[in-house]
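Take a look at the structures below.
Each of the two complexes below includes subunit A, the first together with subunit B, the second together with subunit C.
Let's turn to the complex of A and B:
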């Protein structure tokens, strides 16, 4: 049995000749909190819809729980084990909170009434309220409650914090970590909010133009990536030949900035050996890694 | 629970269709013509009028049709478009189940609303009362309901590819176009469901048009299968 809850190999999808996914490779380990990052139009929602069986890929394959995502029969089993919160967070406008709970509960024999009650109270959702009367943030919370309460092994969340106020965001992020720890659920979420991803994710993938540009453990990435700022005594007439491990290089006059992902000690020694240079080393946060990759891609 | 969801989704639609169905009765009752009913004359002469009524009521099965995937919410003008379709598609049920549940509710609602048609005929065409029995009216209701299934499943197929606004207008246009085609195409008389609901209905023949009903059910089955294929293959 695979340890990867989600696997995608060379996933391709185009809409009217425009590629949305261009050979995406993705692996999401069981029990992880996986952040899926990208610009608008990078392919995040297309990936999620493909995993949920709403779109059929033009090439490659995608599996959830080892089951083919595009298969109609396997899709039912996938959805039985997956909680899904879509980006637009729309529910049936003719139902109340109580009605949608009753409706959704009927599809999941393993429904967790304890979690339902807990999150109704925590999210301050009144059972008698009609869904159209809920704010967008409250609908987000209700959708998350529906996803969590059916005992899902995997939560796929598309922009889960959109519409939430800062307190709501903090509550939600805390609960996602708690769910992952207590229930062992895998959480796969897409977001633009890099600070939020950095706060809770243990693995990330940055997608750009339909392909993964960076994937790995967040701690490893932040340890591996460092920035060197080198100020030279005078401009060097010819470009510096750096060793392996330099991801990005910017040179403005006498100042050189180097983003290093590997072989840091060697690069540092090389920087320090440059004539009259002063070298400063900075840690790199997720936002900087993200911006470096998507801007230059 | 899918039936429950479909009922909640369509309950205002069925109220509107009941009002639509009762409108001719109300009109006839509230605006009596001098000298009594305008519909004097023999039962045979009423065939054309009954045929027109059947056409009016043909809108009902189309208006009550849906595929169970996209949300058909009432009062959308104040609520905006609905993405709750993705919530529906995230449930652990097959698209066939979603379609079948919605179609089942739609068919039951159609049969219920069409029960008003015999009442309307009875009210608006008094000369027919000497000519038809209660059994004829029941046969008429059964005939209209079965013949309406072909139209209902046409509406279901349209709902799998068109949004509500286009579905409704295409349905209305489709009814008139179909009636025109069936009256002119070189098809057997038994294929004309509009005739079976109107001029050749059990009100006048006193018997069930089994062949036409069978044809309607066959057409409905084919349209359902096509709808199922569309729904299963569509990307959302």
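Let's turn to the complex of A and C:
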């Protein structure tokens, strides 16, 4: 058995000849809070819809809980064990909160009435309210409540904080952290809000043009990535040949800026050995990593 | 317990949290034998991943600053008192260094940058050296 809750290998999908997924690889370990990052149109929603069995890939495999996502029978099992919040956050407009709860409850034998009660209170959702009368933030919370309450081991959330105000975002993130701590659920969420991903995710994947460009543990990435700023005594005519691990290089006259993604020790020694150099070292945050990869592509 | 972390500084959150706990011990905010807040409480309070808190506590345990007692939580080690005595000595060293640098005509900003840079290099060497 695998301890990856989600596993995708070489996923491909095109719409009208336009590739949306171009060989995406993805591994989401059990118990993680996983941030799935990318620009608009990078392939986040296509990936999520494929994982939920709503789209058939042109090539590659996707497994959730070790079960094939495209398979009809397996798909039922996957959806039973997964709480899913869609991007558009659409819900039956003619129902009240109480009605949608009763409706959803009937599909899930493992329904957690305790969680339903807890989050109704916490989210301040009144059961008699009609869905169209709810604000966008309230609808997001209602969808999250539905996803959590069916006792899901995995939450897949497509841009859960989109359209929420800063207080709403912080509340929602806090709930995700709390669910992760209390229930041990795996949380997979897509976003382009780098700050919120940086705050709660332990693992990330940056997707661009349908493929993963950076993936791994956030702590590990932050430890490996560093920016060096070097001032040389004199301009060097030929470009410096750096060792392995230099991701990006910018040189303006005597100023050199190096983005290091690995082998920091070696690169640092090399920088310090340059003639008359002053070397400064800066940590790199997720936004910088994101921009470096996504912009250059 | 009041901790605060900044997610977007580029420093891993577990390191920031470790630093704050150490600082709380050095300044007497936490004393030997004190119980640290639960992982869930810290995660919810700071809105960070519970694994981040677990990692910070585990690393502090490895450094001998914290003791993890199964089922009852994390406590500041009894042996940690030694560290509080180091702080005044360290303060003396910094005081002398700052005085000398300022005598050389360096401004506060310049001194601060030198310290920051030295620390960043030191930390980088330590963390990448520790991995190999």
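Simple rule for what comes next: the second predicted complex is superposed on the first by the 297 of 297 C-alpha atoms of A that agree within 3 Å, B and C clash if a C-alpha of one lies under 4 Å from a C-alpha of the other, contacts with A are read in each partner's own complex, and residues count from 1 in each chain.
Note that in this section a residue touches a chain if its C-beta (ideal position, glycine included) is under 8 Å from a C-beta of that chain, and two chains touch if they have at least 3 such contacts.
In this text the structure is predicted, and so the values were computed from the model without any measurement.
Colleague: Is subunit A touched at more residues by subunit B or by subunit C?
Modeller: Counting contacted residues of subunit A, the larger count belongs to C.
Colleague: So in the superposed three-chain picture, is A:3 touching just subunit B, just subunit C, both, or none of them (first/second/both/neither)?
Modeller: After superposition on chain A, A:3 lies in contact with neither partner.
Colleague: Check the residue A:283 against both partner chains and state whether it touches subunit B (first), subunit C (second), both, or neither.
Modeller: Only subunit C is touched by A:283; subunit B is not.
Colleague: Output check: A:107 vs subunit B and subunit C. Expected answer is one of first, second, both, neither. What do you get?
Modeller: First partner only.
Colleague: Spell out the residues on subunit A that touch subunit C in their complex, using ranges where they run on.
Modeller: Against subunit C, the touching part of subunit A is residues 31-33, 170, 173-174, 177-178, 180-182, 194-195, 198-202, 218-219, 222-226, 263-265, 268, 279-288.
Colleague: Given the complex with subunit A, which residues does subunit B contribute to the contact?
Modeller: 1, 4-5, 8-9, 11, 71, 73-74, 79, 82-84, 86-87, 89-95, 232, 235-236
Colleague: Provide the residue numbers of subunit A that touch subunit B in the complex, in ascending order.
Modeller: Contact set of subunit A toward subunit B: 49, 52, 54-56, 72-73, 76-77, 79-80, 82, 84, 86, 88-95, 99, 102-104, 106-108, 132, 143.
Colleague: In the complex of these two chains, what residues of subunit C are touching subunit A?
Modeller: Subunit C residues touching subunit A: 7-14, 39-40, 43-44, 47-52, 55, 117, 120-121, 124-125, 127-129, 131-132.
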